[in-house]
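Chain naming follows the written order as A, B, C, D and E, and within any one chain the residues start at number 1.
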Amino acid sequence: DGKKAEVIHWWTSASEAAAIKVFADRFQEAGGEWVDNGIAGDAAKQTFTNRLLGGNPPQVGQFNVTREFEEIVDAGLLNNLNAEAEAGNWAEVLPGIINNVIKRDGNYYAVPVNIHGSNWLWYNKAAFEKAGAKPPTDWDSFFEAVDKLKADGAVPLAVGGEAWQERLTFNAVLLSVAGRDFYLKLFNDRDAELIKSEKMGEVIDVYTRLRDLVRETDKGSPGRSWNETTSMVITGKAAMQIMGDWAKGEFISAGQKAGVDYGCIPAVIPQSPYMISGDVFVFPKTGNEADRETQSLMVNVMLDKETQVAFNNVKGSIPVRSDVDPSKLDPCGAQAIKLTSSDATHVGSTGMYITPDLAGAIQDIYTEYWNASDMTKEDMVARLVETFETVN
Amino acid sequence: MQNNTNTAHVSAKDLSVSFGKVDVLKKLNLEINKGEFLVLLGASGCGKSTLLNTFAGLQEATDGDVWIDDRNVTFMEPKDRGIAMVFQSYALYPKMTVRGNLSFGLKMNKTPKDKINELVAYAARVLQIENLLDRKPGELSGGQRQRVAIGRALVRKADVFLFDEPLSNLDAKLRSELRVELKRLHEELGATMIYVTHDQVEALTLADRIAVMKAGVIQQLGTPDQIYKEPATRYVAQFVGMPSMNFVTGKIINTSGGTYFENGDIKFSIDEYISKQPLRDGQTVELGIRPEHVVLDTDGSTTFNVDIIEKLGSELIVWGKVGSTSLTLRAEPESSVASKEVRKISFKISGLNFFDPETGLRL
Amino acid sequence: MQNNTNTAHVSAKDLSVSFGKVDVLKKLNLEINKGEFLVLLGASGCGKSTLLNTFAGLQEATDGDVWIDDRNVTFMEPKDRGIAMVFQSYALYPKMTVRGNLSFGLKMNKTPKDKINELVAYAARVLQIENLLDRKPGELSGGQRQRVAIGRALVRKADVFLFDEPLSNLDAKLRSELRVELKRLHEELGATMIYVTHDQVEALTLADRIAVMKAGVIQQLGTPDQIYKEPATRYVAQFVGMPSMNFVTGKIINTSGGTYFENGDIKFSIDEYISKQPLRDGQTVELGIRPEHVVLDTDGSTTFNVDIIEKLGSELIVWGKVGSTSLTLRAEPESSVASKEVRKISFKISGLNFFDPETGLRL
Amino acid sequence: MMTMTQSTSTPSLKKPRTIISKERIAIYLFLIICSLFFLLPLYIVLITSLKTMPEIRMGNIMSWPETWNTDAWVKAWSTACTGLQCEGVSVGFWNSIKILIPSLFVSILSGAICGYVLSYWRFKGAELFFGIILFGAFIPYQALIYPMIKIFATFGLYGTLPGIILVHTIFGLPIMTLIFRNYYSTLPSEIFKAARVDGAGFFGVFFHVLLPMSTPILIVAVILQVTGIWNDFLLGLIFGGRENMPMTVQLNNIVNTARGAKEYNVNMAATFLTAMVPLLVYFFSGRWFVRGIAAGAVKG
Amino acid sequence: MKYPLISSRLAARLTILPFVVIALTIFVGCVLWSVQLSFTSSKLLPNSDFVGLDQYIRLFNTTRWIVSLKNMVIFGVLFTSGSLILGFLLAVFIDQKVRAESFFRTVFLYPHALSFVVTGLAWQWFLNPALGLQEMVRVAGWESFTFDWLVNRDFAIYTVVFAAIWQASGLVMALMLAGLRGVDPEIWKATKIDGVPTWRVYLHVIIPILGPVIFTSVILLSLSVVKGYDIVVAMTGGGPGIATEVPAKFVLDHLLQRANIGLAMAGATVMLLTVIAALAPWLYVKHVKKGANG
């Protein structure tokens, strides 16, 4: 069984599985044997890391496009993919920020396969029409729309009260209010001074307004999952939701059509930087030469142009390569691909710049603030500064 | 001592109890007078504990009723029957100290604290367990546990006391001391006491009346004297008295010269015996005679071959044979009898009993 | 019957056992001969069960050693000591039937199946529990449980049998039958038996030798006759014999006319008494005399005021006073003595014992 | 007064014994009210599993399904995708059984033996050993996984069936030891002594005398371990290797997707289906909860 | 006391040996190794870069950790006592020779069998003011009815307690039932003679007898207190905000998602120290008592 590759991944839901099947099928066609090991949730990474450490790694494992696997690289557990990268001209075809993440000390260690956008505004068109509201073009118009929606009795903005959803909301506000440079300076250059700036104050103000709005109108928010929140938009109970492009899957499975039943605005406020994230696959050293060939085959299959389109169409994300044909994408996807094709219009998710540890620590602060009654803006700033300075 | 006011205090009426297919009590009838001290005797497994349990309300009757005073208590809760009980298996509360065991029932009755202390102190003194009050049952010897079990009943002011072999694991000295104490308690409280024992001395010294049970029915109910001297059945006769009564099967010979008992080995006149029914000539009977009524007697007419001798300190038990008939007799420790000796014996006619070999009933 | 080959079979050497702060056995020494039937007597709580447990290896000695044959077994497994034991608390296996309980030890010994069946049948027959073989302990009466406990030892071919009050819950008849059976077993197996009992009849009839224990030490070890007739201490004297020996504190008067005992109420010559040490004139002593040695005697010189009478069927126990000295005596059931009567009594000098009131030792 | 009579007698017809006394009514009332409280989430789970997704999105979570729809159950059992495979949770069933039975057996036996030794065969350091074991129970096992993997890999147990059995035994050891030790400490020690005098050795006492007296606690152990082992998927994933993936991996894949669309009805049905084995064990465990386990054993 | 090695004793020791080895390697060795990590800067992978007490300093400077500890105490006390009481009551009531015992037992136990991911969701829905109880009552006509503990920062932890009791008390019931069934029926008889009301029998006689069982239950429940996080994850995700965070979740988040083993282990170590601090007095007492018994 020469080209057997066990793949640990976390894409197990129906739609995700359909996507991974594209990879599997193409890999089989190319002569490999795909051994699927889909594990939902955190358990996938945990299993993968543990098996890696236990000396029994699978041939292929999944990570997010973040810095989370850099230690594994440093520990020398992964095969470098320089040969494949060079052959496939990755430096050219992949977005710069993604390239940054998958490279370490000039060597490639991971294959990115998709791009997700995590700051979208989804809205129910009927609800907007009924309330006579217009999709927002800036935060002022956003709150105008909110007032109308509120008067109409709908929940203007539904937010799932889980920490990561609140972080998503904060980042959306941050990008739309403070812009790309600010964002990069803050996260890429770790310039903690920026936190004390006026701009940040404005960000927090908007975040606070959203918070107060949700508290007032969306009582069931705390603890609610994003799916249920999307459901509210689908059913018209709520008018808007800030969520990643994976929410589209919910609309689709509820039989709704983009642009007809629901609207989507990338980056929440038009013209704001679009935040991308995605998934990569890594290829552990298994101590077996044959496996290295199999892995090589897998790399090529995954990044193959056709496979990319086919895969991402199913997955609901957009191809990681900029050199694919965008014609088959839906209205939302079409907007997204435009934003990813130029470095100036998008940024990476925070995980691409800072460690999971710091990302988690500041997420704790966002969520604390979102839910607190006695935490002031100044507290938040102070806490953020402290965290930026102490957490690596 | 006897307190027969002739009002039945506790009574069983056609009482039956079964465990599944095992019938333990079989339409048992028993009336115990108010203030009476009734001793229950009976072979192991005959149903004594079951009867006590049924009186206490711990065992449901399959049929029949239990009356206490003039109330049918068959379905009444144990706590409403005014009883105290010493269990054969002790049933101590394992996690409570001796003090706790003794005082628990009182506490539950809301007895005042100092009254409790007083009662516990009293029971501990009587039972000689004063220095054990802070131990748990698991740290006591067998006899000490039994004393705690007695103590639990002793502190209670109940109308009816049920004792299930309360002294079986105690030494002779303690046992006789406690016997006196129980008697005292009985008189003091005027309570009705039902007492199961296998110790004949206890039975005979404590009882106002004795009920002898056999396999779930009462065979005889009477004063100790009646039970000992005029056992109603062969079973009662052999059950009471230690060593057991001698039984000899033989025939009645009614001649003009008088009435005789005869079995080939033994023959003597029984003119003085007062039988319930006239004894017919040739009738097969079972003679019962207690060991103390067979006496070594140099003038005796019967020849006795001594087999073995048991020395009991205060007396000797002599086992031997007349011809092929086995007999046991009691002798003074001083009577220099030795095994394998041949001696003469005579019979005390006052101690004779005759039973029908078929029915076992006294004739 | 006695099988004294003078090889100690089981022995305790300076054996001490403590439960925490409670010292139960205190440097106890005891040698039991091979094939001997030793009865352990002693007040409740004096350490008898603890001693048996230590012999069995179930209780660790705090100090000292246990020897069986010529091996120091102090640290040996119970199962390697060749013992069988009847527990005072029975300790039956609750989830096994009676049959299972009886055969368990045999199974552990890998006894062949048919041999097991045979032995179980034998034990069941002797113990009269044949129809209970398929019951669980929870479905048995107290006495039946005890019999199962005995049966468990009975079926074993052990070298040493330890019986802890094995017959306490059985009726007199069964008890005497089992006594005979135990004696038979003892002779048949030639095994060493150590037997704890509170029943004096058992002690006196079964024992080759009796050891009387008090508070963790052996007070006297001797044949039943020695124990009964020449108790080494006051404790032994009053502990053995029922009713208990009479004790009278008085003085020795040594005149030319002979030696007398006197206490104000009683005075008699004791010339015939053979004392270990010469009795000094004026020495305070404690006289011990058993109830059977105080006899109603119309020719007696002492006046006796009868208090109460206990009727034991085969005899009477008479409690009364000479002056202010309390005395108990035995009488024939026929002796028409009544309470509150005044009678004459005399003392049998052969039954006298004198003890030092301080040390309690026999003089 | 609640009737606690232990009699096994068959009440004759004559007995009007308290069949519907006030106390009885109170007892049942309490039990039924508690049952309602306990069943509330189950009600939600079951009715949700019988609804269609649109109805779940639209409707009230407590309301009765408009139309009974068992599709979710069928899907959960046999067609739901859990990765590339779309065979529902049924796939791992036999694997789960394969892991469950030996793990159950070994872990309970180990715990019982440790409890037995700790109760009756005190050895130097027994208390310390018990302390360590007890303390071991409190360690989040995620904290132990790295070094354990190394150890297992050294012995070639990593990724094998014996490996996962051993892991369940190790992680079950603290609790199992605890419950058996504490249970044995309540039994009369005379029985143990009697068995030793009867010539039973270390194992003889345990298997012939103590184990038959352990049924109630054994069933508690079974309840704990069946649940724990059956519901585990992480240890199975990490230590059991790919061939031994239990059914809960599938369940997790159905239920636990973070970003995929959620089908609540399937989730609920799948959860319920997966729990069938422990539920059956619970239901049929009753006859082992016997009363008076040591009845008649000792006097005192 | 002397412990010579002879036959059965030897067998006992040989049998326990593997478990001692396991205890020493896994529960001591591996734990020490893990504790050691708390003094390093380990991130995703263990490393040996020694940083002293830095992780602990950060830990106790982290609001979330402090809140977690506080929650653990609240949760621990309420959950443990609540489950013990409810579990005990259930056992007692089931023990009254009720019909359909198996049914009731299964009903009380089933929460234990179902994955909390889903039952937690059911609770979440039920307690969610917009979906569950509050909405139902309002629809039924009581417009002003409010039950929003789940989404209220100050009360959310109690809803977690509530659901946790729901899940755990069945197990306590099973344990207690096993204990109750082991009580010698004779003891019951004695109490009836003493005229003790049933509830007092349970209080004064049965509960002391069940001591070891209660101890077992307390340990089991404390385990859920210390190690439990799935309930929190399923019901509130630690929210609203960080209102219902618990230490175990903190540790696991840092271990699994935030790749900070060092901090996670520092947290775990603090938790273990707490456990030891709680267990030590008990072990000490046990040991002293044992010594007194020879």
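Everything that follows uses one rule, which is that a residue touches a chain if its C-beta (ideal position, glycine included) is under 8 Å from a C-beta of that chain, and two chains touch if they have at least 3 such contacts.
Owing to the predicted nature of the structure, the values given are computational and were not obtained by experimental measurement.
Asker: What chains, if any, are shared contacts of subunit A and subunit B?
Answerer: Intersection of subunit A and subunit B contact lists gives D, E.
Asker: Looking only at C-beta pairs that count as contacts, which pair of chains has more of them, A-D or B-D?
Answerer: Of the two interfaces, A-D and B-D, more C-beta pairs touch across A-D.
Asker: Comparing centres built from CA atoms, which chain ends up most distant from subunit B?
Answerer: Between subunit B and every other chain, the largest centroid distance is to A.
Asker: From the mean C-alpha coordinate of subunit D to that of subunit E, what's the distance rounded to whole Å?
Answerer: 16
Asker: Between subunit C and subunit E, what distance separates the C-alpha centroids? Give it in angstrom.
Answerer: Centre-to-centre distance between subunit C and subunit E: 56 Å.
Asker: List the centre-to-centre spacing of subunit A and subunit E in whole Å, with centres computed as mean CA coordinates.
Answerer: Their C-alpha centroids are separated by 36 Å.
Asker: Can you work out the whole-Å distance between the CA centroids of subunit A and subunit C?
Answerer: 91
Asker: What are the residues of subunit A that contact at least two other chains?
Answerer: Residues 46, 53.
Asker: Mark out which residues of subunit C touch at least two other chains, giving numbers and ranges.
Answerer: Counting only residues that touch two or more other chains, subunit C contributes 19, 77, 79, 88-89, 139-140, 142.
Asker: Residue numbers in subunit E touching 2 or more other chains?
Answerer: 7-9, 131, 184, 186, 189, 192, 197, 209, 256
Asker: Chain pairs that touch, all of them, please.
Answerer: Pairs flagged as touching, ordered by label: A-D, A-E, B-C, B-D, B-E, C-D, C-E, D-E.
Asker: Could you please specify the touching residues of subunit D with respect to subunit B in the complex?
Answerer: So the residues of subunit D touching subunit B come out as 1, 5, 7-12, 14-17, 299-300.
Asker: Would you pull the subunit D residues touching subunit A in the complex into a rising list?
Answerer: That would be residues 53-54, 57-58, 80-86, 142, 145-146, 149-150, 152-153, 158-159, 233-234, 237-238, 241-242, 249, 252-263 of subunit D.
Asker: Using the touch definition up top, name the residues of subunit D that touch subunit E in the complex.
Answerer: Contacts found on subunit D: 1-4, 6, 27-28, 30-31, 34-35, 37-42, 44-45, 48, 60-62, 110, 113-114, 117, 121, 123-124, 127, 129, 131-140, 142-144, 146-148, 151, 170, 173-175, 177-179, 182-183, 185-187, 196, 201-203, 216-217, 219-220, 223-224, 227, 230-231, 248, 251-252, 255-256, 264, 267-268, 271-272, 274-275, 278-279, 282-286, 289-295.
Asker: Can you name the residues of subunit C that touch subunit B in the complex?
Answerer: It is residues 19, 22, 41-45, 48-50, 88-89, 139-144, 146-147, 164-165, 168-176, 198-201, 204-205, 224-225, 228, 238-244, 290-292, 310-315, 330, 333-334, 350 of subunit C that touch subunit B.
Asker: Which part of subunit E faces subunit B closely enough to touch in the complex?
Answerer: On the subunit E side, the touching residues are 184, 186-187, 189-197, 200, 204-205, 208-209, 211.
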